[in-house]
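If you scroll down you'll find the structure; I have some questions about it.
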Amino acid sequence: MADKPMAQQAAQAVPSGGAVRRASLSVHIMRFRELGLLGFVVLLALLVQWRNPSFLTLENINDLLRNAAILSILALGMMLVIVTRGIDLSIGATLALSGMITALTVSANPGMHPMAALLLGTAIGLACGSLLGWFVARLGILPIIATLGMMNVFRGLTFTISGGKWVSAHQMPDSFTGIATGSILGINTLIFIAIVAYAVFHYFVNHTRTGRQIYAVGSNPEAAVISGIPKERLLWLVYAIMGALSGLCGVLWVAKFASAQGDTAMGYELTVIAACVLGGVSIAGGVGKVSGVLVGSLLIGMLNNALPLLNVSPFWQTAIQGGIILLAVLANVWVKRSVDRNHLLRRRI
Amino acid sequence: MAEFVLELNGITKTFPGVKALDNVHFRLKPGEIHALMGENGAGKSTFIKIITGVYRPDEGDMLVNGRKVELKGPRHAAELGIAAIYQHVTCYPDLTVTENIFMGHERVEKGTRRLLWKEMHEEAQRLLDELGADFHSRMTMGALSVAQQQIVEIAKALSANAKIIIMDEPTAALTVRECEQLYAITERLRAGGASIIFISHRFEDMYRLADNVTVFRDGKYIGTWGVHDISNKDLIVAMVGREVTQLFPKKETQIGDEVLRVEGLGATGYFADINFSVRRGEIVGLTGLVGSGRSEVCQAIFGIGPRDRGKIYVEGREASIRRPADAMALGIGYLPEDRQKQGLILNWEIAGNITLPALRRLARMGWIRRKAEWSVAKMLAEKLGVKATGIFDLVGSLSGGNQQKVVVAKLLTSELKVLILDEPTKGVDVGAKSAIYEIIGELAAQGYGILLVSSEMPEVIGLSDRIVVMREGRITAILDRSEATQETILEAAMDDSTRETGASA
Amino acid sequence: GGNNNSGNTGNSGASGTEGNSSGQAEAKDDTPKKHAIIFKNAGNPYGEKMIEGFREAMAELGHEVIAKAPDQPTAEAQIQIIEELIAQKVDSIAIAANDSDALEPALKKAMDRGIKVLSLDSAVNANSRLVHVNQADPERIGRTLIQAIHEMIGGEGQIAILSATSQATNQNIWIEWMKKELENPVYANIELVKVAYGDDLRDKSVSETEGLLKSYPDLKGIIAPTTVGIAAAGKVLTDKGLKGQVQLTGLGLPSEMAEYIESGVCQWMYLWNPIDVGYLAAYAADALVKGDITGAVGETFKAGRLGEKSIVRDGEDGTQIMLGDPFRFDQSNIAEWKNVY
Amino acid sequence: MMEPRVLSDRKAFDAKRFFLQWEWMLLLLLVAVNVMNAQISPYYLDFANLRDATMAFLDKAFIVLPMVLVIILADIDISVASTVALSSVVMADLYNRGVPMELAIVICLLTGTLCGLLNGWLIVRYRELSAVIVTLITMIVYRGIAYVILEDQAAGHFPEWFGFLGWGYVAGVPFILIVFVIFAVLFGLLLHKTTFGRHVYAIGNNPTASRFSGVPVDRVRMIVFTLTGFMAAVTALFLTSRMGSTRPNIANMYELEVIAMAVLGGISTAGGKGRMIGAILAVFLIGLLRYGLGLINVNAQTQLIIIGSLLIAAVAVSNLRRNKA
């Protein structure tokens, strides 16, 4: 029915330059997301600085980063979990369990090398995460149920193992608490570990086959199976990574605060999820960038740091924090919408 | 080299309640394009999934290059050089085009296993250029139209260096121009030494491309012929099991008053200055190249798409349509083009799907009356000849064509005046197609005004009383039945000069 | 339910006399009883020690102990535990409350069923208990803490308070007394700049402390009347090398604070002995069940190794038993206590 | 036309599928829990105790009912606990400022409804944001407003009759149980028998197709979130009555418990699946299990481990059974 000349005509009708322009524009929009959020962070920083000049001092920025380090490391793992359309509510409990076991071990063997403590905590987290991954990937239990269930189990184990006691500062050797106070290459160890984690993740997510396949699984699980991507193994891997990071953060947390409690980091998972969501990780799966997660964690870290600095009533703090997060999220939508609208206006009809 | 690159013998596959394949055979020669045809639900897609290792057959064996293989999974099939473009696009909407093309066989640096992005982007762009694509390899897959996604799927098969390429209804979502492109590509693949299995419900696809044709019916093997050794009529009999006489049964109908008129309809960035009308008993064809904005216009009329200018009149009265329920209350029905995403709830039963738009009427004070609901569903499903055991079968387990019949049935639950049918025969077999044409004709005869969006020229020309042609968001011509030929339509669809004169009805 | 309890004083009077008469009849009854203790939340070493003291006393008396604590420190969870204890028909309930008012209906129900209710450590309101076992006089705590910081900072400068949650009743009472003490002209040169809330969370307490230090660069002292808060502040001061520049005192567990007292970041702080609090509550519970006391002012009973204890007035219409003064922990004695609790 | 085909309109009774339903598993577990409780605690089978047991856990069960609808919509609402707190605090504060209790109760219900409406409006208006994001944020905001209103105070001293809601009996049956049963029946009917319920399922399965079928998707979502806010306020009433007073940190972490109950009840977070009866069974299963463990004085940490393991084991077993079938 159709004949050749027609096809050629049509091919000519498509402007050859348009395609390239469209591509660059859409690439631009995608970058814009994090930029918008970053702009919001900068604006907020200036505002706080205006109210309290000690905000943008080297010391305070160091404090801010130190306090945001653990959050930002956890947010990385959570990003991968959410990218696969999952969620992990157990990380606070995993963190507490690994922190408690490590603290107990360290207090019993004060000569233990800090590196060994870090490895021990990470291994415990890895074990917890692997178990979860097995539930999710092999048994096909929905992530929200599996992690909710294991949240209770891990928390209960933490209480049981500690016998209701805390491990206090005087029971921890200086070498152990030094993990959080020491520095590597002039950078505080916590911040250094976070930087390394971000570098590794950036590489892993963008430049390795496995990293990209995780996104593929989140973007379209059925297609992933049809094209032979090992979905189960990847899901397992994602929860194992999340667990390992929680375990690592458990050690960092305990070292930082020089105290291990049964209820350490209770409810912290929601803060981590909030950081991811602010950073543009889509709950629908498949979307999430390392840079976005970084900005999201920084924003939350900044709120936690700045509100005590502004002399606002403590009773207003929660409401203000919520309001600012709401504003940041809405501002992002507005920016995106106006970019989309401009994009439409520019289209030739 | 073996005589056949691919040989399947005595394949049987049973799903709970359905014998999808029953002792079927298939042989593919090197460098051959082999058409696989059959009614909806004949088992073609299932057969393909067995070849690609997605399903495992209950019985039968498979030989690749003369050697017997037992597929362990999709990856195994890919290693053997088998690639498939599935009926329902299986892409990763959040990833870039490049990644979609290279997923599963990424280029990595030796040693470090680092992904070679630059190389992959360049290679992807080269493949896309070769296929005549008008988009960039760094774009996000989800931003592409269905046709563009199809091109990516082909590029994917090309990049995998597949020796056996299977295309399951690749032309279903394509317009004429794109079909031509696809034919050219397919021929080039064959010239490059690949063997191709081509599934389609369009006869022209088969005649243009295939050397041989194999027909399945109801999961059974019917026969294999040389394309030129069998007449069109015999082929249809082989497929359907009976004769289908007239393909376009254009009934002479009484054309009455205007039921739908749009004036100056526009949506920033999508379409502008849309003026046309539909009269009682009239079938108005709406056609154009892919992306010309036909679906957007229809969806704006139906109250689901964006619209910022213009007026819509129903039976001469200006209508305010802000959501589909408004349109339906005014007697406008819309059959969406993507039945899987927009038309159906796949894990619901046939009955629930059919009655969803009409639930309010089938309920008393919000209380659903099941008896009434089921009798309506049964009546409509039977009227349209849905192939299933009962109205409580899950829609997701039906074949594509039967799913489409369920979508059509959904429209008929309401008291409508205007039907907007967006690609109603996409992926539908000849038998069902003629049934749908017959239904369209009957509906027109009953006094419905019908707006028929289609990319298939013969369908538009064969059925329409008038034809509206769109190009890049504007109407470029409104042709009468008498003046409409393929040439005039295509000229309007592609000519730049008509753009200022935007005709009105 | 709450509907058959009329006026506050009327109720406590009524149940008082009731308990008295039945108490005399049962005075010789030495059969083992079931006594329950509820702490704020599980996994809290302070609470564990209190329970330990309770158990110790009950072992001396030969009674059975049911010790419970919810997984989270909420009143809702404690209400459920009270229901469970009512169902088990225990003879007494001693509770360290997560909320002074919110347990009233539940505890009244328990008292209606003949269960003797007393609170310890963290009180419930006077309507929902017979007597409260007070670890230390809130007035003494508040005043002592101000006197301590006054001495540490040399009588002048800015100070701040780092509390737990803004809801914690005992914290708020102590803070009230601190403010009252500050009204004394002796402290004219001391300025209380802020009350911050660390919510008993490590991370929040740390940020709040850091915020205090930055917002008030001239800050001389921090009072943190809560273990998590004082330990977090100690950690921050240690890490920032502010020992000697910013003084720290408050209430905290010796084990948590040993590190900072030994290093001198915190010169001294206060606490009572939680074991003794539990121990005293056990004897009070036993006396209530036996009918030796009813919870009225002026009654006395023997509390094992703690000797004779008497019931005194608490506010308008409540009564309490005092354990004693808060105990001062400093470098001289911290080593012997840090492994005890 | 096509050859005429006759389609069956009779639902074949598929015994295997019928007995594989999740609700049987829950029922089985519920019976097992009751038998076990009766075995190990002499106090369990006491009528008064069993009756009172329901009072202890039913308060949050009110939110489970609309949460079922929310989850079937493939959404989630994590702001419910904060809504409870805000409604409760508003009511108590108004009452303490001299507003009559009856009016304060009405305003409490209104506050919850408004919170839900705001959630719904944000979710519908900003379709780019998912319900998780919106309610995660309003969770913080609502709780924050509660703190602004009451600061460090507790508010209470309600009239005597208000205590009846949480502690009273009607003909020997706890009032809260009666109200719960009424709401449960209403929600069950709404979900399973009405067009509205069918629309909820449709949207949960495929929102696009629902939109194209004329289902008022936005309106349904708004209504469901508003209902959730309303039921959170109902919970606020009963919970406040049980506590006799309120503070801004009331109902802390209820959201996870409520979601856990719905999910254990077979409501898939992927949307479109699950039945009301399952969620109700799950409420009683978890509630009675906790109560039974409490009666034999199992400590809190062991309770956590048992309930967590049960959640996973139950779902794992059902998954394995389904995969085999």
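The letters A, B, C and D name the chains in turn, as written, and every chain counts its residues from 1.
Note that in this section contacts are C-beta pairs under 8 Å (C-beta built on N, C-alpha and C of every residue); 3 or more make two chains touch, one makes a residue touch a chain.
Treat the numbers as computed from the prediction; the structure is a model and nothing was measured.
Colleague: Go through the assembly and pull out the chains touching chain A as well as chain B.
Modeller: Under the touch definition, chain A and chain B have D as mutual neighbours.
Colleague: Consider the two chain pairs B-D and A-D; indicate the one with the greater count of contacting C-beta pairs.
Modeller: Output for the comparison: A-D.
Colleague: Counting only Cα atoms for the centres, state how far chain B is from chain C in Å.
Modeller: 74
Colleague: What whole-Å value do you get for the distance between chain A and chain D if each is reduced to the mean of its CA atoms?
Modeller: Centres of chain A and chain D (C-alpha means) sit 30 Å apart.
Colleague: Could you put a whole-Å number on the gap between the CA centroids of chain B and chain D?
Modeller: Spacing between the chain centres: roughly 43 Å.
Colleague: Which whole number of Å gives the spacing of the CA centres of chain C and chain D?
Modeller: Taking the average C-alpha coordinate of chain C and of chain D, the gap between them is 36 Å.
Colleague: Any chance you could list the residues of chain B touching two or more other chains?
Modeller: None at all.
Colleague: Any chance you could list the residues of chain A touching two or more other chains?
Modeller: Chain A, residues with two or more chain partners: 155-156, 158-159, 262, 282, 315.
Colleague: Going by the contact rule already set, what residues in chain C reach two or more other chains?
Modeller: 41-43, 71-72, 166
Colleague: Provide the full list of chain pairs in touch.
Modeller: By the stated definition, chains touch in these pairs: A-B, A-C, A-D, B-D, C-D.
Colleague: Provide the residue numbers of chain A that touch chain C in the complex, in ascending order.
Modeller: Those in contact with chain C are residues 52, 54-55, 57, 59-60, 63, 67, 155-156, 158-159, 162-166, 168-171, 181, 253, 257-259, 261-264, 266, 304-305, 307-309, 311, 314-315.
Colleague: Show me the residue ranges of chain C that touch chain A in the complex, using the header's touch definition.
Modeller: 41-45, 47-48, 71-72, 166, 194-197, 202-204, 206-208, 210-212, 214-215, 217, 231-232, 234-235, 239, 253, 255-260, 262, 338
Colleague: Which bits of chain A are touching chain B when the two form their complex?
Modeller: For this pair, the touching residues of chain A are 1-2, 4, 6-7, 9-11, 13-14, 16, 18-20, 22-23, 26-27, 30, 206-209, 212-213, 215-216, 218-220, 222-229, 282, 285-287, 341, 343-345, 347-349.
Colleague: Using the touch definition from the top, list the residues of chain D that touch chain B in their complex.
Modeller: My answer: residues 1-12, 193-196, 198-199, 201-202, 205-206, 208-216, 272.
Colleague: Please name which positions on chain A make contact with chain D in the complex.
Modeller: 89, 135, 139-142, 144-146, 148-153, 155-160, 262, 267, 270, 273-274, 277, 282-284, 313, 315-323, 325-326, 329-330, 333, 336-337
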